[in-house]
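Next come two complexes, and both contain subunit A; in the first it sits with subunit B, in the second with subunit C.
Up next is the complex of A and B:
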């Protein structure tokens, strides 16, 4: 039993690292060449995991193309085999792997794009919940409105970036990447109130506002933090956007 | 760094403006698709949790009446299957 466990361990290790030898103790029935048999199996495992990453990171794939993506994927897979059987979650560490990958230095935004794809997929598979309509705030007095706290949709998240990740995402959706200004930093809020994942671009102060609301601060506190960053902060617009994105599932007043 | 003390009237005003602006428009996400029963081909039904989860693609016959597929909103009941049956917004008896 102990021997089998040890063999199993060597087997999985060798599976994802082509430079390692076939583990001792493996036998190919009716086939003299165990190396070739093992290579076929190795290849199938690697190819299927590359396909999984490709499916999970379609924009990253589109930005670098098949050959570069394959090289990235092979490097990632051999160090980070799946830890859960649901492959739609595979690639949690792919963005940080990309950030460390030397050849990516000419495409410095690639890691953030992959991170956005992780957020997108997390939202896509998040728990369903009903969002509420903006008119629900009319039930509260001006005093209470300042102290409103928001219950946030389970699919909601924010991603800050030093790169134009929203424009890149949009460019990929529309098929036109030619108009993207790489000098721009963009922050994105992601939510899936119904079937489709929604994304919106937030300026710095709107991002602070959304983050405060998501973290449980009151409306007054969130407004104060955003206005401190920029007096011109458009509360009316951002407040409307909270509901238009379906981020809010319940309201309460902090005492 | 100066701190800003938001007044409740200022916030109430902004909220009232947001309500009148945003409540008039249907949220972008509302009714973008509708569940349509009885039009999915075998194994091609959609499912609430989305792709990659266990209930997607489990219907076993073509146009299964209690299996639904997301279709563009407003188009479900005009869908006619190759066997002559139609799409339905309500789950149908098998």
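Up next is the complex of A and C:
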């Protein structure tokens, strides 16, 4: 394309850069203030993308408030505009942008909270799959049970954090953030077996156990790794939780 | 997964479906002709959006109104991945109508989430026709193309928008989606008479009508003059001037699928439903006149 390709390039370049002049070739019919009219397009683009981030990161938004969030969002949009028209996926790099944003240093947990929101949304939009009940394990002999491998639900993931991200998530859900101890590190497992996204807080050894299971290790291997970290690891509790969260969609025995 | 069979969009009012209203609609099953969604909101692999849309599609005909195809981009081809995602939804939900915009929203891989304007030249007409043909061939069916709302025009734009759309429809066999709020917004912003635009519009190609609200902003043109800019915000009720254009349009072409769009400051279901009933009321009055 000839002329239009050049115009198009100039138009888009000026869209996200308010310091640039209105591109040549545009007219405000019967009115002199062309700048203000071009700004309608600029505002539409910026405001709609800020709204998209706000919808995707409601807890991050609640933690910092409108003004701070807008500043974060504008910075992020300028550096990382969306590349696909599905805005519910927008913000993959928002957590790392937040981590490097200087003014966030007083809220050091903000990046991990945003990351948790990315995991939540990935689970929300993941493909459906039927989870199986813990009773399915009874079909296997006690010797085989320790060699079980688990097919994992497509919505499942784990997020490790040095901050109390589970408590922050829960505090946002309940509307009470007053009881959060920022000295605590929390790891979260996320899964959506049916309509609702489920989250659970995992201690260090349970987190190791879940990670091993998700990575395809056998029950025996996962148990060994968790018990090595803490010999009081509660296998029956974590094993029950694995199914209660809907993480398991099929079982097989490793030969 | 449910297998739907094709269900035509009736010549009556429909509503743009919003997540806030899923449960009310499924509980109350309101007497309404059809719903419309932006397919981009349903391009995830699974999850509640599909669950609700499936349940609503079981009760009503559905129209898919795309905002991300960027038909007006100066690229050789459309984004093959986006075409594939769109088609997967067409196959999954068997919509009665599918539509897109006379606009662009993507440039060099960046999606700007707005419907941006193009000049109306031989060059852009040929290019747009190629893209509409590509989309229709890929989908295996007709696509309706919507007139934009404009805040600026291009200096070098020899075709009137109405003539541009007429030629586009003739070249590609596409239908047209006429947004009467956009007519009013563009006419006000560009200083022309909306009824002259309507008189020049190739209404024989109109397969769907959009209705929506706009906001008004004041602009200082210079030290002495202040003027208005109308913004196509879809965040308020339809104004009487726009109902007037709508009434004139259906007087010319008869009842058509007429969509109530309300995308920001979304009201309760009752308010939105009442707007749709107003459109149905205009269509009913028209039919009474015809039979009288």
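Convention: the second predicted complex is superposed on the first by the 248 of 255 C-alpha atoms of A that agree within 3 Å, B and C clash if a C-alpha of one lies under 4 Å from a C-alpha of the other, contacts with A are read in each partner's own complex, and residues count from 1 in each chain.
As a working rule, contacts are C-beta pairs under 8 Å (C-beta built on N, C-alpha and C of every residue); 3 or more make two chains touch, one makes a residue touch a chain.
No experiment lies behind these values; they were computed from the predicted model shown.
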{"item": "Contact breadth on subunit A, by residue count: subunit C or subunit B", "value": "C"}
{"item": "Which of subunit B and subunit C A:219 touches, first, second, both or neither", "value": "first"}
{"item": "First, second, both or neither for A:195, with subunit B first and subunit C second", "value": "both"}
{"item": "First (subunit B), second (subunit C), both or neither touched by A:125", "value": "both"}
{"item": "Partner chain in contact with A:228 - subunit B first, subunit C second, else both or neither", "value": "first"}
{"item": "Partner chain in contact with A:26 - subunit B first, subunit C second, else both or neither", "value": "second"}
{"item": "Partner chain in contact with A:162 - subunit B first, subunit C second, else both or neither", "value": "neither"}
{"item": "Touched partner set for A:85, first subunit B, second subunit C, both or neither", "value": "second"}
{"item": "Contacts of A:135 with subunit B and subunit C, given as first, second, both or neither", "value": "first"}
{"item": "Which of subunit B and subunit C A:58 touches, first, second, both or neither", "value": "neither"}
{"item": "Footprint overlap on subunit A, comparing subunit B with subunit C", "value": "86-88, 124-125, 128, 195"}
{"item": "Interface residues, subunit A side, partner subunit B - complex", "value": "86-88, 124-125, 128, 131, 133-135, 137-138, 142-143, 145-146, 193-196, 198, 219-220, 223-224, 227-228, 231, 235-237, 239-241, 243-246"}
{"item": "Sites on subunit C touched by subunit A in the complex", "value": "40-41, 43-49, 51, 67-68, 70, 73-74, 81-82, 85, 104-114, 116, 118-119, 121, 123-124, 127, 151-156, 189-191, 219-222, 227, 229, 231"}
{"item": "Residues of subunit B touching subunit A in the complex", "value": "1-6, 8-9, 11-12, 14-15, 17-19, 21-23, 25, 27-30, 32-33, 48-53, 70"}
{"item": "Subunit C partner contacts - residues on subunit A that touch it in the complex", "value": "1-5, 7-9, 11-12, 15, 24-34, 36-38, 40-41, 44-45, 48-49, 52, 81-89, 124-128, 154, 192, 195"}
